[in-house]
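Given below, in the form of structure tokens, are the structures.
In the two complexes below, chain A is the common chain; its partner is chain B in one and chain C in the other.
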Partner chain A sequence: MHIPDGFLDVQTSVIFTGLSAAGVAVALKGARSQLDEKTAPLAGLTAVFIFAVQMLNFPVAAGTSGHLIGGALAAILVGPWAATLALTIVLLMQAFLFADGGLTALGASTFNMAIVGVWAGYGTFLLIRKILPKKKTSIPVAAAIGGFISVPMAAISFTVQYAVGATATYSTTTVLGAMVGTHILIGIGEGLITGLTVSAVLASRSDLVYGWKNNTQKLEIRNA
Partner chain B sequence: MLNNRRFYIGGFVVSLFLAGVVSFYASSSPDGLEKVAEDIGFIETAKENTNADVLLSDYGTKGVDNERASVGIAGVIGVIGTAVVAGVAFKLIARKPRMVKN
Partner chain C sequence: MYLHRHTAIHALPSHLKIIAAICFILVVVSTPVTQWGAFLAYFLWLFIVVKMAQIPFPTLFKRALIEIPFIFFAILMPFFGTGEKIQVGPFDLYREGLIAGSGIVVKGTLGVMTAIILSTSTTAREILRGLERLRLPVLMVQIASFMLRYVNVVNDEMERMKVARESRGFEATGVKSWKVLATAAGALFIRSYERGERVHLSMLSRGYKGVLPQEHQHKIKGSVWFIAMLYPLVAALIFITQLLIGTM
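Right, the complex of A and B next:
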């Protein structure tokens, strides 16, 4: 879902770059208060892992592939603020080192994946976690559903950008239908990878998983 | 429970393996957005990436003809690069006593 240069007009690119910058600023503030010396390395590893898995396009339908976005995964592992930052770092690396995604569209791509992907995935995760029994085994299930939903949400977010300022003139409804349809299929892959990864980290280091420990730990008093 | 060292080294090695080895087997079909753009027709509005000449453009290493090595090297560089950038960034962000100056 990396947008190439040219799809969106200049104004739209500028608007979404501004929105992304604001979102990243808020995420910085949130991450600063949430991350500590113990959790910061996991945020770094999450960015690394997402970069690696984003290279692994899987086939979803004839002539179409998809790859992990990782917004929900990152949010569940390290919290939504650090997740937005991790995804933003991945997108920056991809745009500058690998020419994956246009530079003028980077703000719009960041908005779709690092902000909408993260928060839609995390919000869904929280909702499902609430419904499911309060057990460790519920976490990967909620994570998978969060991952699944995050992809069509990011696709809808792109469609909004298309509606605001595409350089092409094809109808927005056509784009919406095609984007959502395709990305529901990709979302299944996203859900599977998200659920499996969260369950692997839970099995090896459940103390590090943000989406599990903030469900179980009581508030503790810490020195500032 | 794995200790910290094992967990982080394990995670890093898995990432290296995925980006350096498994990436060769990734599907080369267009991704969702690209396919939709092709099918509907707005792919024509895409401009060539201003950054297209970069050394690792499109996850291939310039000058390396072997496809497996070309994508593998690009992946390994990406993993190490992301580790350095994200590692430093999150370390600075997590530093408590003083705010990082912008």
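Right, the complex of A and C next:
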């Protein structure tokens, strides 16, 4: 999903760079109010974590393997604001240091993964958390569904960009079908890994899970 | 990624290199795919710059392989399309698809190679400083510099966890090993986050108030600007020349 240069025309790249810039500006504001001056080190280390975890290979079958994208996971663990910032920085560094993803398409890639991916995942997570019973065991389930939804949503966002300004000849419906089809499969993996990872963090440091912290009980002092 | 050399390209201020790289790619992207003469000239010019930056060609090509996934997308295009068909060797291809597909490959390759010139001739730290001068929000620059500083630490941590898993006889074979790997990912998150908290506390104890000390920025001479902008300017010249030849 790292879009190369020359895939989208200049106008589309400019439009989506603008949208991403606006999204990142909102996220900066949100992260500051949530984390205050802790934003830089914590979002920075989250970015490192996402970057590293994307290199962790999950074997599927017959020699193939996949890796996590991590948008929904980051949102559930550190909150959607910091997650947007972390994902944006990961994409920025990948484009500038590893030539992975075109420099002019950076805005478009950021929009798909750091904004749509993160917020679709987090929104779904909130919705499912609301439906499920208010128990700790519900959180990984909601996280898994959030992770699952985030991937095809990012694929749909890519298809929108494709329809607006791609220099390619597949029909939009073909691309939509192919992208959503494959990304539903990828999303199943993403969802499973997201759920399992959140459950692992919950088991040892549940206070670090942003999506659970909102529900933690206040310390209560009981009489003996 | 960075290759240490003493060349004119390495010495240019990083923010100018970033502007030059993006402008070059914008010129390339705006060129109609049918102007194949212009693309030949772009590649030639790009290779001259690669030579000037003393980047070994094998390195350039090896690193350019990163765009392979998208090339598949483009290569399939002539096979699945609509409209006029032409015969190329044993294949029956769609003309429109062939043009669009090769356009994506060619423009994408020029973009990737430009980014490779940028990142092999500029240290990661310098690229960040360049982005800072180009008004990337300070907080974003700080997040990115934390990422750069700790990426090796966290990667090493992940490697140690892998060694630990394997020395206990673990072998990732399929979906059933995901639980173990996800637990490792969770542990990695906790360790990264806790490191973030420790770093933050140590910064506070050294007097951090939310901004990092700024370095003094030198004024850049016009001639340096001109040299840096030669990269997109020559491309623009090629573009204009090709348009003129095209209309004649």
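Observations
Note that the second predicted complex is superposed on the first by the 193 of 224 C-alpha atoms of A that agree within 3 Å, B and C clash if a C-alpha of one lies under 4 Å from a C-alpha of the other, contacts with A are read in each partner's own complex, and residues count from 1 in each chain.
The rule is short, and it goes like this: a residue touches a chain if its C-beta (ideal position, glycine included) is under 8 Å from a C-beta of that chain, and two chains touch if they have at least 3 such contacts.
Not measured: the values here are computed from a predicted model.
When both complexes are overlaid on chain A, the residue A:Ala155 reaches chain B alone and has no touch with chain C. By the touch criterion defined above, A:Ala52 reaches both chain B and chain C. Judged by the touch definition given at the top, the superposed model places A:Gln11 against neither chain B nor chain C. Of the two partner chains placed by the overlay, chain B and chain C both lie in contact with A:Arg205. In the superposed pair of complexes, A:Leu77 makes contact with chain C only, with no contact to chain B. In the superposed pair of complexes, A:Asp100 makes contact with chain B and with chain C alike.
Shared-chain residue A:Val24: touches chain C; no touch with chain B. In the overlay built on the shared chain, the residue A:Ile186 is in contact with chain B alone; chain C does not reach it.
In the superposition on chain A, no contact is made by A:Thr172 with either chain B or chain C. Within chain A, the residues touched by chain B in the first complex and by chain C in the second are 2-7, 28, 31-32, 37, 39-41, 43-45, 47-49, 51-53, 55-60, 85-86, 89-90, 92-93, 95-100, 102-104, 167-168, 170, 174, 204-205, 208. Contact residues on chain C toward chain A in their complex (touch as defined above): 1, 18, 21-22, 25-26, 28-30, 33, 63-64, 66-67, 69-70, 73-74, 77, 80-83, 94, 96-97, 100-101, 103-104, 106-108, 110-116, 118-119, 124, 127, 131, 137, 139-140, 142-151, 153-155, 157-158, 172-175, 177-179, 181-190, 192-193, 195-197, 199-200, 203, 208-210. The touching residues of chain A, counted against chain B in their complex, run 1-7, 28, 31-32, 35-37, 39-41, 43-45, 47-49, 51-53, 55-60, 63-67, 82, 85-86, 89-90, 92-100, 102-104, 155, 158, 162, 166-168, 170, 174-175, 178-179, 182-183, 185-186, 204-208, 224. Those residues of chain A that touch chain C in the complex are listed here as 2-7, 9-10, 13, 24-25, 28, 31-32, 37-49, 51-53, 55-61, 68, 77-78, 85-86, 88-90, 92-93, 95-100, 102-104, 167-171, 174, 192-193, 196-201, 203-205, 208. Of all residues in chain B, those touching chain A in their complex are 1-2, 4, 7-8, 10-12, 14-16, 18-19, 22-23, 26-33, 35-37, 39-42, 44-52, 54, 56-59, 71, 74-75, 77-79, 81-83, 85-87, 89-91, 93-94, 96, 99.
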